[in-house]
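Please go over the structures that come below.
Two complexes follow with subunit A in common, the first pairing it with subunit B and the second with subunit C.
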Partner chain A sequence: MTRGWTLYDPRLAWILVAPVLLLLIFFLLLPIAVMAVYTFFTFVTAGVETSALTLANWHEFLTDAYYHGFLIKTLRVGAVTALICGVLGYFPAYFIWATTFKHKWLLLLLLIVPFWISFTIRTFSWIHILGEQGLINVTLLKLGLIDQPMQMLYTEGAVIMGLLHFLLPYMILNVYVSLEGIDRTLIAAARSMGCTSAQAFREVTLPLSLPGLAAGLLLCFVLAAGSYVTPQLLGSGRDALFGNLIYDTIMGQLNWPMGATLSIVLFVVLGCFAALYTRYMGMSQIVKGLGG
Partner chain B sequence: MPDKLTDQTSKPRPSPAGASQAVAGSAAARPGAEGGTPAVEFRDIDIAYGKFVAVRDFSLAIRRGSFVTLLGPSGCGKTTILRSIAGLVDISGGQISIGGRRVDDVPIYKRNIGLVFQSYALFPHKNVFDNVAFGLKYRNVPKADIQRKVRQALEMVRLPGSEKKLPSQLSGGQQQRIALARAIVFEPEVLLLDEPLSALDANMREEMRVEIKKIQKETGITAIFVTHDQEEALSMSDRIVVMNAGAVEQIGTPEEVYETPATAFVADFLGKANMLAGTVSAADQQTATVSLAAGQTVTVASPRALAPGAAVTVVVRPQKLAVGPAATSNRLAGRVVSTSYLGSSAIYEVDIGGRTTIRANTPISGKIAREGEAIDVGFGPADCVLLDENGSRIA
Partner chain C sequence: MMKLSTTKRLERLHDRYTNGDLSRRTFLTLTAAAAASAGLSTPWMGRALAAAKEVRFDGWGGVVQEAIDKYAFQPYTAKTGVGVVQGTFGDENEIITKIKTSKPGDFQIVHSSGVNYYIKYVNAGVNSEINEANIPNLANVLQPMIEPFRKLTPKLSAVPYDYGTTGLAYNTTVISPEEAKEKGAALLSDKKYAGKIGGYADMTTRVWYAALDTGQDPNNIKDMEAIWAKVRETRDLAKKFWSSGAELMDLLSKGEIVVTDGWSGRIAALQQQGHPIGYLDPTGSYAWMEDMLILKGSPMAECEELINFMLETDTSIAVAEGQNYPPSLDPTKVELTDKIKALPAFDPTGAMKSLTFADPVYWADNEDAWTKQWDRISKGA
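Right, the complex of A and B next:
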């Protein structure tokens, strides 16, 4: 029985999906599985571990407040960054959507332009702005507004600033896409029934753009909480996030089993958060629709 | 848009501005005769988008409680006019009054108009009750009254008990009913319907046509309906405004615009009339004999004596043409090019020579003529309209 391929042949679907599936299995799932196994290995001394299975790493993580502090701080910085991104990002997204400017694509292009420069270089640039000999301090000193340079770099504020710089385009694009999906006749309809522009925004535009805002918040939170480069470059040792802790454990202390444990912790925490959030947001969409 | 612009300026106007104004003027006189202020009045409206003039010199008075249709092809300016009443489009000249009150500078949310869109435009995140109650809420109607009015409106559109449903749970026809309920529930001064039936399938369209008309009669609301569908216009309207390229071609009752088209455009747009070009060869006070470009000669009723040699167009509706033995007067010999069998009637395309094809739509009696058969078509002397060389009806 040799039969021709049809367009929606399930075999064809599997073949088309296979390359990606194999990549995911061998380069994502398998390494994670190996990491998970590593968390049960025994740490002997820097760079040396044995495959004798132990719960010591998990015990250490669960009982040592040092790790909990880092985890909570990481989640807090992620949440603060995401919220500020949401507030700051909504306005430019709304502006790009609402403008009658003919070349809207140019505005969208401007959002993407920063991605043409390496993320690391963009982060380094903040050192020249916030540093002791940086733009702000030098200007303020020259103007005589301050006597000695302010400590701006290597603070949590600098880290959040760097993360905002990195994440704002993601937020703006997410909100913009959901705004773009709104049928503008809905706004005309609301206006014709007695809404001012501001009331029409509250009744129609804002609620219908919330899914984009919610998606943006999740994306920014996960990316911020999982960041490594920004706190490494702009934060002091105290401002390190969980990612830096993992790096230090593996590369500094050469404690691979503990590093693996911390990696799996961050992976599971952020994964659970994303899953719960998506589920909750999905539910709330329906509730919002039913409750009006 | 530039080609559209040149198209508009270079094309000779079939009806001079004076003629369309005269028609509009006589329409404006009507409500005056009944002593009331018109529900909506346009005076010399111009609307331009940049350099493109969408509407020129548009004047119209709409009587209270009447159902007026703006009919024309896409791009003729009908939707622009409708949106200008709502305040969604700014006019660049003239004035618009609703109920005698000038509204040129009144913002959209204070105009008290009901709008129904082609795309329904129901709020997808609000249920039916909140959708219908929307306009009432912004008019500070007490809660108890909102409940009652929404219920009444839903009963009127025959969807009682659907308050808790979301628009996405309703069919297209049901959504449009809700949109209609939402637009009339706060008793606006005018109901504007922007191609409300175009997104519906054919069966639903017919049903909604009847429904809208019925609700409009029951509520006595003034309705302005925009469509490009001549059947909708003819079946629903008290008066039809036929528009083309931003200007009025004719204003009249459905019978008037169909039976006595004022211009070649109206004749062609409503019902695809046959346009037979020719010259007057002999004429008296009541009749004219016209030599058709196709070669034959016909004698037709004429409202006045025409000058021999004048170029005219004889306009005949496909339904007015008799075929075969039934063709008694003005017989034109021809050959069937194609036959479309429609059950109760048939449409024949008949080649009558001189590269002229004539279209006849006749009830079937006896044998159906097939392609290639020789056949006669004919029409009564009074079953046609005469247009002059500018395409305007000779009156």
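Right, the complex of A and C next:
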């Protein structure tokens, strides 16, 4: 059966990747292609479109500042969220890596625990914390620190808070995996050559952990910019992101061609960001950060 | 050529294997292929077989669907053995999207929001044709409710089931009935209640109340700019635009908002629970009807039988009392209970002249553009 085959035979490699390749073609590339074709269809009325080809949807997107504003806002919220995740996530990752605590696995388990609860329920929980009758307002009112409940829910801040809650574990795990890959003797060598702890961190640990941080930033940015549920639950209409625009166009206006156009726009923009990022950061570095 | 069943085919394979006609590998390969074939065909076969035993219903959930389930579906299943599989939606466009992306027959009966939405199903070509002879109780349904549907499709796809109004609901500890009556729709743009105002996150309701507030006829709006300006004004004063009956009840009962437009049945439920909530239908208040719509590809006989059962006088009254919306039964033909007669929006004449419904053609003509504009305004534009 395997006569004539070598261990690294390209034919064997193709056979092994074929199932995944087929899955990607049928469940990723083909649907994207269908969406791309839909962008040229003609919207007739709510829920009705024809296959008469038109550039009207692209023309509308390219000439309407409303869409551009939301796209820029989405990228801004994604970038802010990713940066805060980077700042907040690095230190816990460093602590987990550096600790001599015998049961380190417990700390890692704590990171994964939130994933045991539904994402929607975790997002909803913020309503009971940030709402007018939520934990923070009730406590502050009872302590007499405020007279009126503060408006925290249904704001952009609440949306970013919800996104941080969702994305922080991804950042911490990415950075931790990168830190774990560092040869600790390098730090010992730096110290033996006269570096202080801070200098050893700045000159050795931080640069070597950057691929993980970079991978975490990219992951958090893409996931935040593509989010829909968090702004829907924790934000007001004004705090909607591009994903909400797509949802409303498809589900509210029942305008599939325009909804497909907006979807392809978000896909291409985020794809370009990821491509540029990996171009300058180096794909191997990112993959190293993601995979350890 | 005789068609073999899967069981027969497997038995023959087994015989050949035990007789030594087949190698073990060939036997296992063929068995796996037969099993896969049976597995693949099962979902389709199951659905086909289940069709006569189950009807799919999709509605608004909450107290409304609970009432329908308790007083109509459960007795229907007990009587006929036909189960009713239920789903819910928060926005009817959501279910229309699902219907568009599914096979005919996956969705069967929808508790739809009257003629405005009926047009959408008709335009999308997903509506069925009802055999009215199978629904004899249709004779008791208010003719003024049936006529708008028949104008759109001479052969009905839906049967009107209930009606109500979207009036003004207010917290009586903050706003007196006199103040509510005096200000009417202007309450929704009253700066005195900034940050405590609510509203349904729906284009029709927002435009309707903006029309009332600007002194225009909602079925013949002359100054659309004034309407959008008023919608923006309410948006800026509102705490939140709600998107489900449960959210409406939650916001009002917890005092998060003190005034909003609201669905008459949900407000009646709050009042029955003892909350200090008043309800007012201002002049020209938005009246609407709901219908049971049968979709293309449904098991028509079972669906028609279920709807006929739902229109039985006792069933219809029990559902109406449970969901707090008057039934579509003609009060001049059927004796209704005192509780129903006391419900907001109830029309004792059966002529429906006192209620202002949306002109389906006028609203359908403007729906796409207005929905798009409303979407933008709701996002701060």
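As a working rule, the second predicted complex is superposed on the first by the 270 of 292 C-alpha atoms of A that agree within 3 Å, B and C clash if a C-alpha of one lies under 4 Å from a C-alpha of the other, contacts with A are read in each partner's own complex, and residues count from 1 in each chain.
Going forward, a residue touches a chain if its C-beta (ideal position, glycine included) is under 8 Å from a C-beta of that chain, and two chains touch if they have at least 3 such contacts.
Since this is a predicted model, take the numbers as computed values, not measurements.
J.: In the superposed model built on subunit A, check whether subunit B and subunit C fit or clash.
T.: On the superposed model, which is not a single observed complex, subunit B and subunit C fit side by side.
J.: Figure out whether A:Tyr94 sits in contact with subunit B (first) or subunit C (second), or with both, or with neither.
T.: A:Tyr94 contacts neither subunit B nor subunit C.
J.: Have a look at where A:Phe221 lands relative to subunit B and subunit C in the superposition and call it first, second, both or neither.
T.: neither
J.: For A:Gly194, is the partner it touches subunit B (first), subunit C (second), both, or none of the two (neither)?
T.: A:Gly194: touches subunit B, not subunit C.
J.: So, A:Gln133: does it touch subunit B (first), subunit C (second), both, or neither?
T.: second
J.: Examine A:Leu254 and indicate which partner it touches, taking first as subunit B and second as subunit C; both and neither are also allowed.
T.: second
J.: After superposition on the shared chain, which partner residues are touched by A:Ala46: those of subunit B (first), subunit C (second), both, or neither?
T.: second
J.: Which holds for A:Tyr38: it touches subunit B only (first), subunit C only (second), both, or neither?
T.: It touches nothing on subunit B or subunit C.
J.: In the overlaid three-chain picture, find the nearest pair of C-alpha atoms across subunit B and subunit C and give that distance in Å.
T.: After superposing on chain A, subunit B and subunit C come no closer than 48 Å at C-alpha.
J.: Shared contact residues on subunit A for subunit B and subunit C?
T.: Of subunit A, no residue contacts subunit B in one complex and subunit C in the other.
J.: Please name which positions on subunit A make contact with subunit C in the complex.
T.: Checking each residue of subunit A against subunit C gives 45-48, 66, 70, 132-133, 154, 236-238, 240, 244-245, 248-255.
J.: Please name which positions on subunit A make contact with subunit B in the complex.
T.: Counting only subunit A, the residues touching subunit B are 183, 185-186, 188-196, 199, 203-204, 207-208, 288-290, 292.
J.: What part of subunit B is in contact with subunit A in the complex they form?
T.: Residues 86-88, 107-111, 113-115, 117, 119, 121, 123-127, 129-130, 134-135, 138-139, 164, 166, 182, 186 of subunit B touch subunit A in their complex.
J.: Okay, in this complex, where on subunit C does subunit A touch?
T.: Touching subunit A from subunit C are residues 91, 93-94, 96-97, 100, 120, 123-124, 201, 235, 240-241, 254, 256, 367-368, 371-372, 375-376, 378-381.
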